[in-house]
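Each chain gets a letter, A, B, C and D, in the order it is written, and its residues are counted from 1.
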Amino acid sequence: MTLYTVDTLLTLVLLSVLFAFGSSRVPALIKVMAFQGIVVSIIPFFITPHMATGAVIFTIATLVIRGVLIPLSIHLAIRKVAIQRDVAPIVGYHASLFFGLGLIVAAAVISRYLNIPSISDSQLLFPAAISLLVTGMFLLMARRNAIAMVIGYIMLENGIYLMGTTFSVRARHIVEFGILLDVLAGVMIMAVILQNIKQTFDDVDTSLLRTLKE
Amino acid sequence: MVEMVFITPFVTGLLAFVLPKAVSRQLLVLTGAVHLVLSLLLWKNTPQAFFAEYFAVTPEGLLSLLVISLLFFLISIYTTGYLAAHSLKSENIFTGFMLLFLSTMTMVTLSDHIMVLWIAIEATTLASAPLIYTHRSGASLEATWKYVLICSVGIAMALVGSLFLTFSMELGGVTSAMSFSALTPVAGQLDPAWLKAGFIFIVVGYGTKMGLAPMHTWLPDAHSEAPSPASALLSGVLLNCAYLGIFKTNKIMVSAGLSDFSGTILIVFGLLSIVAAATYILKQTEYKRMLAYSSIENMGIIALGTGIGGLGVYGAVICMIHHSLIKSSLFLSSGNILMGYKDRLIANTGQMAKQMPKTFVAFFAGFAGISGFPPFGIFIGELFIIMAAFKTGHYLAAGIFIFSLCVIFAGFARQVMAICFDTPTETDTQPAADQKNFLFKEPPGMVWPQYVLLLTSLILCFFIPDALYQTIVDAVHAIGGGLQ
Amino acid sequence: MFESIVLWLAAVLTAPFFSAVILKVKAFFGGKKGPPLLINYYTLIKLFKKGSVYSVSTTAVFKMGPVISCATALAALLFLPMAGQMPVISFNGDVILVLYLLGLGRFFTIAAAMDTASPFEGMGAAREAFFPIICEAAMFMILIFFYRLTGELSFAAYFSGTGTLGLWQIAGPSLLFIVIAFFIILVTETSRVPVDDPATHLELTMIHEVMVLDHSGPDFALIELGSFCKLFFYAAILSGLILPFETGIPGAGLLVFIAGLVIVYLVVGIIESTIARYRMDKVPQFVLTSFALAFFATIITLELIQ
Amino acid sequence: MSHFFAAISLILAGGLLSLVFARHHLFSRAGATLLISAGCAWGLGAAVTTLMGSVTHSVSFQYLNLFFLAFEMDALSAFFLAVIFLVCLMAAVYSFHYTQDAAAPVKTAVTAFFFSILVVSMALVLTAANIITFMLSWEIMSLSSFFLVIHDYRKKENRYAGYLYFVFSHVGAMFIFAGFGIFYKYTGSFGFTDVHILTQGAKILAFVLFFIGFGSKAGVFPFHVWLPHAHPAAPSHISAVMSGVMIKTGIYGILRIYSLLELPAPAFGYLVVAAGVVSGILGVVYALGQTDIKRLLAYSSVENIGIILIGMGLGMVGVASRNPVMAVLGFSGALFHVLNHALFKSLLFMGAGMVVHQTGTRSMDALGGLLKSMKITGFAFIIGSLAICGLPPFNGFAGEFVVYLGGFQGIALDKIPFAVSVAAIIGLAVIGGLALACFTRVLGIVFQGEPRTEAARNRTESGTTMLWAMGGLGGACVIIGVFPGWFFNLSLSAVSALNLGYARIPQAPFAQITGHITLGAFVIVLLVLGMAGVRSWFYRAKPISRSGTWGCGFTRPTSRMQYTGASYAFEMVRFFRPAAPIEEQHPPVAGRFPASTRYESRVHDIAERCMAPGVIRPVQFLFDRLRWIQHGDIHLYIGYILLAIVLLLFFI
């Protein structure tokens, strides 16, 4: 039963990945990201049959931060910065979409061959994590829109979190929480920078940020 | 009470946001002094940490901690003069984040748990980002943006690497705490494949922060855009903190018997960084960027020495200490130059020997030291590294290293001599060229910190107190370095 | 020893006489009676009687010039074995000393010439500095040749007693090259035709003569005497080379030696009256040939000896 | 050894004192001069006693808790030390009046300070007995001399010179580093003791590396480019020290390494002789082409280094071909020439310094006729010139004579050694002739004839200590030239420290050689005196009148009609044209009554010409290809991170 739910959740994650690849508008991207954050952070509930209260509290905290606070901060950043809505792709959407599909397949194949310690026997966990990682990287590298890049970073972090689920349920939550705070603070600072970028260049196209070079 | 050392600056940093400017300046120096005292105490009697699982006093950590607090103290003194001469719009934010930055870096040096180390290092990024953006210019904004994003991504990689370490623990059936001190003895049981993968991710991740090519890309921008005291901190100690992460991980690799693997990777990154530095120093037009690239070079040298092992590790540690001392003094002097000439371009400076004799002495001595001339310590470090490279048969590495050193020196010397001796070319700086209109009078507070730093390096080149020597030796032995 | 000193004195005294031979030969070719054979003595005495006029530009160096150039020439003769006799002084390496002594003389001749601030003398000095460089190289090549044969490094070993004869026996053919090379060196060092023409009247084309334009009276006499001795020095070497016959009779050796000298001087005279001087830029090649000859000779001997 | 360190600390004290009391100009100068010269004298004494006793002192201090700074003074070091202290003593004395312009007292003090550092570091280089010590003092030596080169940084050419010198010395030091690296690989220790255990190949490689490294300091031909720029830039007493002794530290290095390697490979000898002949001939040819008097002297240092190398090379060939006489003659001749060159070259630089100091110009063609007004300087310079041309009875001859004898020893050998010896002898002969031309030129253009410009008109010499120094050095040149015996024995005992495997070198046969030199000297001196007597006898009561030089028909010769240095040297330089390209600039003479025209010619240094296209441009090209990496686009920056990871993952 639990394994089934876990797999469905992970499929949702993969779906969000595809959306992320395909979506051309920043708000949509944010929604995808928020959804993804929620899904990712409730997974531990289903992986571990009976959780300690600490784990429960921590997972809820994660849910709040990943699912609410982070998307909210980005959203506010956009609100402040009346943004132009296109993510300004370097790689086109269709190409990205196909890349995403290929990526998921590749991730699944690779993780077959890897010898991964896992307390959940879900086959999708690791592939999903990898594809989240790479998605983040992809958005960071293939979108000129600064907001899209920040979102990419967040997806990267989501992926890492997913990869660490197995570890996080065992580890001291204080440590996990520290990581989480770091991510949050990082996103906050990025949001601030986004606003400043907008104010200085009244645009968030990072192609404007190429003055410092040799 | 180990934690006090980083909690104190954290608290004072928070205070500095709210206190009036003058007070917070004093607070900066005061905290520096207190921090210095605390870390000296820590060094004298290495106590147990309260959260023993997360924090511990390790020799390599102690070394960087001592360097950090000495540097910060001197830099804070310089900073007061700097802030007096150079009014910032948001001074409190500057001072506050300086202190937070100090606290996070201290945390790095003391943290023993893999994840805590990661948290601390990521925290340094976040604490230093506002420092880079102090000038509120478009360029500084870009620099900050690149700094935050690239470093965050890089360090995220380091987090992945740390996770891989946990995997290797799982597979190896190691149930000890995730602290370096706990893992090092049992490293043999760890699953080698995941360990290697973890090392790769961690080296790339922390290497991004340390400024190893090709992940160094943020470094010259950030260091050149930040106000000079901040650049001095970034270049002098932040890089060491990142190096600490690699160093500790390498410790595990060595005791797991994978030193060849890790060594080769470190050597490659080291050489790449040195060559990259040579590439950009050769025709550099801005002196702060030049210094930044020279930091990349020195980080490369340190990585190279660590990778070579044996005497090279000793050389690397010596290089690390002296690079911090000398490079921070150089950045402070560059601050004076910037104030004097109001220009970042080397072409618009000149005749510093006449205009700013005190700064000139500091700057030139720093240059001589950083390019491996005695009586400054980097000379010894480079000597040892070269010797070790030959000893261990890394002839190609030694060749590339020596060649790049020559190229770097050629470039560096030309720029520095242009700054110090040439007559300014641009017409708009002609007034700056003659003494009357040359406004910047070097206040002692902005000169003798450099002298103290250089003097320390000079003394350490000839005499290392036994206690410090013992610490170094412990650190070196920890990753299988020898002294012969 | 005593004979050596006597011979040395004789050489110094007769050097002017032999130079007069050249003049006679030239006169003969010119179909003239020519000056008496003692002409040079008359000139010297006349000069010694005169006073001097010194240029205001000159310094003490100008006065040192004649003294030292003459002294070096005399010193060179001290080391030279004549008529198969041992020289006054001889030790291993005296050859090098002699060559450098001549260099010393040259140094001061040039210095004295530069002292006058005259463009022509400067020109002559430049040439005087240039050509002997190649001569020295050739001389040392010849020394290498001799050393290779004898293993000795002194004139005495080459030209006294049966030394020369021995040389001919070991390496006759290549010694011919040496003789020619030596003759070229003689012509260059003593600035005769075809390198330089002592009888020319155009300063632009002079080498040695132009350098001494400003010397007068006894100074000039010393210079003349010095150049006579220098010529005698090389001629003596050549005569030793071409007539290496060692007869037991004491007088005969001397006669042979004098005969050799006369031959050399005659040849110099004949060349001087038959060949025109070379253009200045041809001279270096000409001098280089002497080096080439000596080098060639040495190479051949390498074959011969093994 | 304690004496040695006492002397060194005295010298250092002098430098510091001058720095501390920089404001009190006279005091700081006097104090520096006194202390430094006292220290030099003391050190000289210590060195000479060591040399005559030919004992080895050694001492070592702990360094960085585990390593040692080891010092050792054997006969070889002592010999070089004696030379250095002697010349530096004279230079210190000279500097007192030379640096008396109170315009920039601080700068003077700084110069004195770095001068003392230079002296001390040179002394330490010569006594260093392990890698760390050696490199430490070596680098300090380079650094301090660099500051001396750029002491007058307002001139652009001085800055260029300083830069060139800085880079060259650093690159050279890197080669030395590499050489020591090879040592360390095999010995595993920083000491020099068991270097001989290296393998044959390693020894040869190390020797080549060291030869390049030390050669770039000594000014061996292709690596000499910095020298003619740097030496003139320094103040003259410093130029004297740099040209006279500092470059000798390179020679010392080569000798020391050779003796450490204990490998009698003939290849070393061939290499060294070849380098020597090339440096010697080209050095003097370029010297002949110079118009700047100090540059000329610098180039002639390259020439003399060539002579020294020829001697050393002959020695090495001698060792290789088991001919002890040749070996000893070669090495001792080279060492003897080290001493002699130090003396006369510093003498010449001091003379040039006096000229430049008084006339304010270094261009020879602006000078002339100085001998009339600067008697002492002029005659000192004449003595120096005679000595540097290797003419008897001066010290230059004594050294070259011994080298010649060594070369002729090689003639008796066959195959390559024979060819090498021939090259050496002919090379020496040509060098001697060219040097004669070169220095008659300097004399004639600078000191003789008539002043060519106002700069040279009735300039008198001043500065007592400067004259003392020159007088002392000139005297030394004559004394060594006439009585070389004792000094030659010093170099002999230095040779015995080279551990060539000859138990101890008998001095009798060499005493014979020096005896011959003395004999020759006496002959020439007596004859000259006699001739002078004859001359004065003929001149007694004779009318002596003075008038203008006969202008060969020109009624009104002017001083500008004098033969210039360029035209004096032109033919000779053109003889070596491919190696010494001459660049001429003159507008074509036009019209029936041509207007006043101009003519310039300069002789180019082939090595300097090839440096830019041969070395610098390729390096710059290589690195320019890499510059695009830092192109400012964050997306690709992140890409680098990914790339690095992906590439590395393949190696698991």
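One rule holds for everything that comes next: a residue touches a chain if its C-beta (ideal position, glycine included) is under 8 Å from a C-beta of that chain, and two chains touch if they have at least 3 such contacts.
Every value quoted in this text rests on a predicted model; they were computed, and no experiment measured them.
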*Could you tell me which chains make contact with subunit C and subunit D both?*
none
*Return the chain pair with more inter-chain C-beta contacts, choosing between B-D and A-B.*
B-D
*Would you kindly tell me how far, in whole Å, the mean C-alpha position of subunit C lies from that of subunit B?*
78
*Distance from the CA centroid of subunit B to that of subunit D, rounded to the nearest Å?*
43
*Chain centre separation (subunit A, subunit B; CA means) in Å*: 32
*What is the distance, in whole Å, between the centres of subunit A and subunit C, each centre taken as the mean of its C-alpha atoms?*
101
*Mark out which residues of subunit D touch at least two other chains, giving numbers and ranges.*
627, 630, 634, 638
*Using the touch rule from the top of the page, what residues of subunit B touch 2 or more other chains?*
145-146, 149, 153, 193, 220, 280
*Full enumeration of touching chain pairs*: A-B, A-D, B-D, C-D
*Within the complex, which stretch of subunit D touches subunit A?*
627, 630-636, 638-639, 642
_Interfacial residue positions of subunit D with respect to subunit B in the complex_ = 63-66, 131-132, 135-136, 139-140, 142-143, 150, 153-154, 159, 162-163, 166-167, 170-171, 174, 177-178, 180-182, 184-185, 188-190, 619-620, 623-624, 626-627, 629-630, 634, 637-638, 640-641, 643-645, 648-649, 651-652
*Complex interface listing, subunit C residues touching subunit D*: 48, 50-59, 61, 63, 66-68, 70-72, 74-75, 78, 89, 91-94, 96-97, 100-101, 103-104, 106-107, 110-111, 113-123, 125-127, 129-130, 132-134, 136-137, 139-141, 143-144, 147-148, 151, 153, 203, 213-214, 217-219, 221-222, 281, 284, 298, 302, 306
*Mind listing the subunit D positions that touch subunit C in their complex?*
368-369, 371-372, 378, 382, 386, 389-392, 397, 401, 404-405, 408, 411-412, 414, 418, 422, 425-426, 428-430, 432-434, 436-437, 440-441, 443-445, 448-450, 513, 516-517, 519-520, 523-524, 527-528, 530-532, 534-535, 538-539, 542-552, 557, 559, 561-563, 567-572, 575
*Under the touch definition given earlier, write down the residues of subunit B that touch subunit D in their complex.*
145-146, 149-150, 153-154, 157, 193, 196-197, 200-201, 203-204, 207-208, 214-215, 217-218, 220, 261, 265, 275-276, 278-280, 282-283, 353, 368, 371-375, 379-380, 383, 386-387, 389-391, 393, 398-399, 402, 405-407, 409-410, 413-414, 417, 420-423, 462-464, 466, 469, 483-484
